[in-house]
Amino acid sequence: MKKNIWINLGFQAGAFLLALLITTLILIFAGAPPLKAYGSILSGAFGSQKNLIAVLISWSPLLLTTAGVLITFAAGLWNIGIEGQMTLGAIFATWGLRLFQDTNVSPALIIAIGLLFGMAGGALWAALAGALKTFGGVNEIFGGLGLNFVATALTIYLVFGPWKRPGVGSMSGTKPFDEKLWLSTLPGTALSPWGIGLSILAVIVVFILLRGTYFGLKLKAVGKNMRSAFMLGVPTWQYSMFAFLLCGAFAGLAGAIQVEAVYHRLLPNISNGYGFLGLLVAMLINYQAIWVIPIAFFFAALNVGSIQLQIVHKMDSSFAGVLQDLLVLLILLGQGARERLLKKA
Amino acid sequence: MDNVILIGLAGVLAAAAPVLFAVVGETITERAGVINLSLNGTILLSAMSGFAAAYKTQSLLVGFLVGMLVGAIVAFVVAFGSIALRQSQVAIGFVLALTARDLAYFLGVPYMNVPGPTLPGLPLPLLKDIPVLGTLFFRQNAITYLSFLLILAAWIWLFRTRPGLMLQGVGERPAAAFVRGANVNRLRYLYTIIGGAIAGLAGPAYTLSIKPGWMGTQTGLDGVGWIALAITIFGGWNPWRGALGAYLFALLQWLGLVLQPNLPNIPSQVLQVAPFPLMILTLLLVNVGDAEWVQRWLASMPDKTRRLAVKALRAMRASPPAALGTTFERD
Amino acid sequence: MKVELRNIHKRFGKVHASNDIALTIPAGTIQGILGENGAGKSTLMKILSGFIQADSGEILLDDRQVSIKSPADAIQLGIGMLHQDPLDFPPMRLVDNFLLGHAGGLFPNHKEVAWDIQKLNAQFGFALDPEAYVDSLTVGERQQLEILRLLWLGARVLILDEPTTGISASQKTKLFETLRKLAEQGKTIIFVSHKLEDVDVLCHKVAVLTAGKLMGEMNPPFDQKKLVELMFGKEISLGERYSAAAEGATLTLRDLAVEDARLQLSNVNLELRAGEVVGLAGMEGSGQGLFIRACCGLLRPVHGKVTLNHLDLTGKSYHVYKQNGATFLPASRMEEGLVPGLTLTEHFILAEETQGVFINQERGLVLAEERIRSFNIRGTPTSVVESLSGGNQQRALLALLRTPLSLILLEHPTRGLDIESAIYIWGKLKERCKQGSSIVFASSDLEELLQYSDRVIVFYSGKSTPPLDARSLTAGKLGELIGGAGWDEWETEQSA
Amino acid sequence: GQAPAATEAPAAAPAATEAAPSEPFVFGVILIGARNDKGYSQAHYEAGLYVEQKIPGAKMLYLENVFSGSPSYPGQTTSQLASQLVDQGAKLIVFNSDDMKDEALKFAKENPNIYVIGASDDWTWKDGKTYTPSPNQIDIMGRMEYGKMMAGCAAALTSKTGKIGYLGPLINDETRRLAASAYLGAKHCWTEMLGKDASELQFKVTWIGFWFNIPGVTADPTQVADDFYNSGYDVVISGIDTTENIVEAKKMHDAGKEVWALPYDFKDNCNVAPDVCLGVPYFNWGPAYLATMKTAIDGTWQEGFQWNGPDWADINNPDTSAVGFVKGDALSAENSAKIDEFIAKLAGGLDLWTGPINLQDGTNYIADGKAATDAEVWYLPQLLEGMEGQSVPSN
């Protein structure tokens, strides 16, 4: 048993190094000095307090989306629709704020309402994908993808249509909300302690749910074999629906936080790839909730740090994506290789 | 005026060609029991590298070949990861979809907005003068003709030939194919790679023909692959139905812009997104027959209506290859 | 063709599945292979048919040494294997099933093949429609299809692994006829089974495997007792046949009518007494499936009434039935019974009542160990179910049953299990009856039906007999009914 | 009334840490597209290069593809990106698109000692609808209306069918007024120079829904262009950042069709396909950037809004003209002369934004004989009477 753990770590490290190696080759191929490049990623992420804060800002929604997909993964579901769910969260949050901004409801309350609306919105969109899956037999991957497109179009429609700012409808989004409706952030930054707090809380909740609860076990049963789980008395469709709802609510919360703390308005593509990134993180950590916090942080750091690549080395900053993707890919393949070896042995 | 419509429809046929490559390629792959979810990345990467190659060599042929090569390589990783290393096909495919996409954007920078070669039109003598059909089908370019042929070829191969029969078998019940002498996993490698190569044609078909040139994130191809995957299901793993789906999709998008002036209050984005709800709806119709509540609901119907409803649902349903997404091990 | 195996060895990790097997089968012989579960029968056959390869050993055909690396090689050499669950392609037409894997030009000629099928049909008196789809056939017919296909491909050695499970008596007789005919043509038949009586009537020669070793061979007349001793190393006897049926109905069905896409079943009536065992006879897909699923809410009746413990549960869902003490163990253990990837412990926790939010791991472990012991399952609390053997999976499934239960529904409770395991399982079930549970089980094994049921309902293409007293039934009579003969009395009764 | 350059009344310059001319002046440019997009962003990028070359020691930093949801910057707000540039020493940040207007304002507010240029924004415009004081910000726009008028004119002069297509991005005030200007130019040359009847001129706008194609979200500009050409519109004017219209025109041309195109944004865009290019209206941000940055360096910075017109002496003068128009090879000599004539008229004070001008719904927008104010032009609420196509995304 102990031996396996070491073999495990060995393979993880190996995959990581291999990923680094490949990306280094790519860097060389793209004509950038690798060491300098990695250096500037580091300094870009941790060089200044401002950058560190930027990292934390993109950490928070990533925590939420990852936590969300861990639930759906446990239920054996590929919730690719999470991007759309996050978008709907943003839309609903905006809606909530718009509903009350001109009333004399206390700002704090409005903000809270916004967050709840966001969760509701995400859950609703997830429920759609879930209903299509559980009652319509439509594979959640394709239901979700379709709904992602619809969500994007819906945002653009709202931004240029019903919710367009006075005069100019602009890609820049809806008219920013009054400062009093901003989720309180650390002075001079877009970092909201609330956002971080809620995100970490979400991760903890998921961790506990999947660890030692009946809910978690039944969810796993549903995920691994729905028929059998049903015969064992688990209300299967309710469970997968619930998984969708929970994931959607988390994604929606992430969207709402983007609106209330980061952008202070609704803008197109507000989900910004966090959903897919969450799926990546979940795969990278092999669906083990315990690793969400550090790995999500690592990914966030890569996002922020790699911007320096373009500024300093005039290199397209999609490099961060390349690095993250390759990392996950190789970890997956590494797992496969490990299992094979252990089987042979 | 109807001539205008005809030309427009001919344009639709051309515009659908790349998606069609992707759909047929994926159909073949999935028939072998493998899901290649990486299409979106495959298309972007093959689009970029195909264009880059054609630009460097000034040879269209090289461009398309490189596109196919890229598609084949990505597909190989899917096959290797899922067959040799037994990892989830969906997981590998999804990660590859992102990897290939980001690689395309990252490596494509030097080729952005440089003028490259584009595929010339190729009206077929005589044929092109057939009244309606000529305008529709025979004033296209080589790659569009290829897309027409591909539908036919894929269909014949799948449903009329011995190897095609075995291909179906491998995706339907690998163990049975195995005892009938098939080397299941080798075939799965083979067809995954072939399917990937065909899908790899989609990229160059865009950057060398339909939407010439590489413009990085503005090339406007991000998403096509996901659409193609959905159409594959809509097509019920049959090249004909798949092609129909691809054409339907292109048609709807075309209508979206043609009708724009007549629908002053509907934003163009809404018209453009229309195919997706429709797609979801069709997937629903195709699958809903198996749903439990439908069965219960049917059971509660009077006999005659029930018989009819059941027939209707069965007619629509398209069931995937039984072994889709599973691994096969002898023993 | 003469088949000769010389010191064949095959290991799966620790398990020595084939241990120095040496066996010679002259042409034209029907060779029986007996052995308990896990004895190594399938392994040996898989080796001969190229499905897997031996670690060491030689195979000779007509005294020529051959190397069989794949089923393709086997077919080339004229060896064809008929697997327990026929390996065909349900959604395809018969012709395509025939063609699939048949070497030849790019474009096959369907007409020719259809014609060949008809000829073979005639030769063996089968009635297979080349244009029909395989999923419209019964297991028996699918076996016939496979046999024809293998012969068509030129098989001269025919291996059958437990072919008599899941087919009707009449189909069985038909099968045996065919095999004899083939033997007369000089073909070599290898017949794997648990069922002594089958071997008894069919085989010219029997070999017994135990724990991967060839324990001995025997020629007719076969001494059943000795065979059993060879197989199990001890005597085995069916326990006394007894009934635990008491007064008071648990389940009652009134004018029940259910149907699915393929079949309708109508005006079924049953009054099931506490502790009673009712067996459901009939070929696969004759209606038992519908019946049993209608008894537990998995199928909503289109007409009629289902009451469980005097509660009208008509149209309620399976879970409602479950809460009222009914439970159903389907035939497909891994698909509809156990959850691959979860451990035995996790299964037992799932099966028990949920208590609170958090799982008490210790209690789960204790529970698991206790159940594993009392059902002597070969496995540990942490072993995942897919790593268990067929029989042990079946034991685990039974170990999941809660107490008390008023109704237990089972499909093929002992399919694929050897006599010893089967007796063990029925022991456990009868205990339940003593505790007042009623049992309804579907089986294709006449012996089992007659041995353990108090009453039997026979199904034939959507028709069903009223419950018949098992004691008044004989295997012969039962076989007829399953085959569709002798139904007149109820025909009239029903129309009246 | 189109005063050549309307610089607003001075406002207090920020208490900025004066960048002593000795140390090199570093400025950052945030581009919505790619620096080599043959379009809007490249024009800004080259303006940056222009400044680098004009101010000794000036250094440009830049970030490309900064649009919301860009895969290049998962989860980065534009103002975060801007501060990354500041970390690299940038004293001034250019936000090059309307998409970034809020982020620009936010950033200016959060970084009072960094100068901000908001290209195509109107925050600091006193007559603007959304005037917001922002001392360290200057908003700059070029009067592309003129360029579009010239494009429209060239189209009208050349079109054989009298059907002109306009490939529009998304619908907002800017895109409306530019499409409208193109129409006004076309109508003028159609009626005044060719003496034809305005009713015979068809001018149709099709919006794709964004500045470039996003599958499943926007209409495909390639399809739009094709559809124009296939349905008899023989000239297509581009209003989007990418070059589909001219690329498709080339295809059609090679297939023997008589069609033309006018690309947008970037002066060399005719090179994509000279033999179908009638000309290209383009921005020349260099001069304005240079002037503004100089004020940042010597501390004479003044908040305000600039809407810079062409240098009528030479509209293509790289050092003086904010917008220009390069004639394309496909333009016949005769029409080329006519264009020059038209430009001369404009230089001479011809104002096509003079009433009567009716909106698409028929209501009068600019009274007869009255000249539109800048605000009226900037905030054009609808397309104009005589133009076909959507005016507003929704009501």
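The chains carry the letters A, B, C and D, assigned in the order they are written, with residues numbered from 1 in each.
Note that contacts are C-beta pairs under 8 Å (C-beta built on N, C-alpha and C of every residue); 3 or more make two chains touch, one makes a residue touch a chain.
Remember, it's a predicted structure, so these values are computed and weren't measured experimentally.
Taking the mean Cα position of each chain as its centre, D sits at the greatest distance from chain C. Centre-to-centre spacing of chain A and chain D amounts to 36 Å, using the average Cα coordinate of each chain. If each chain is reduced to the centroid of its CA atoms, chain C and chain D end up 77 Å from each other. Centre-to-centre separation between chain B and chain D, using Cα means, comes to 38 Å.
Separating the centre of chain B from that of chain C, both taken as means of CA atoms, is a distance of 42 Å.
Residue positions of chain B touching 2 or more other chains: 101-102, 105, 109, 216, 223, 267, 269, 272-273, 276.
Along chain D, residues 65, 71-72, 171, 209-210, 214, 216-217, 393-394 each make contact with two or more other chains. Among all residues of chain C, none touch two or more other chains.
Of all possible chain pairs, the ones that touch are A-B, A-C, A-D, B-C, B-D.
Residue ranges on chain D touching chain A, taken from their complex, read 61-65, 67-69, 71-77, 79-81, 83-85, 87-88, 97-103, 106, 110, 129-130, 170-174, 209-211, 214, 216-217, 379, 393-394.
Touching chain A in their complex are the following residues of chain C: 318-319, 322, 328, 330, 334-342, 346-347, 349-351, 354, 356-359, 361, 400. In the complex of the two chains, the chain A residues touching chain B come out as 26, 29-30, 78, 80, 132, 135-139, 141-143, 145-147, 149-150, 152-153, 156-157, 160-161, 276, 279-280, 283, 315-316, 318-319, 321-322, 325-326, 328-329, 332-333, 335-337, 339-340.
Those residues of chain B whose C-beta lies close enough to touch chain D in the complex are 4, 7-8, 11, 15, 101-102, 105, 109, 112-113, 115, 118, 120-121, 210-213, 215-224, 227, 253-254, 256-258, 260-261, 264-269, 271-273, 275-276. Residues 37, 77, 80-81, 84-87, 90-92, 94-96, 98-99, 101-103, 105-107, 109, 216, 223, 226, 229-230, 233, 267, 269-270, 272-273, 276-277, 279-280, 283-284, 287-291, 293 of chain B are the ones that touch chain A when the two sit in their complex.
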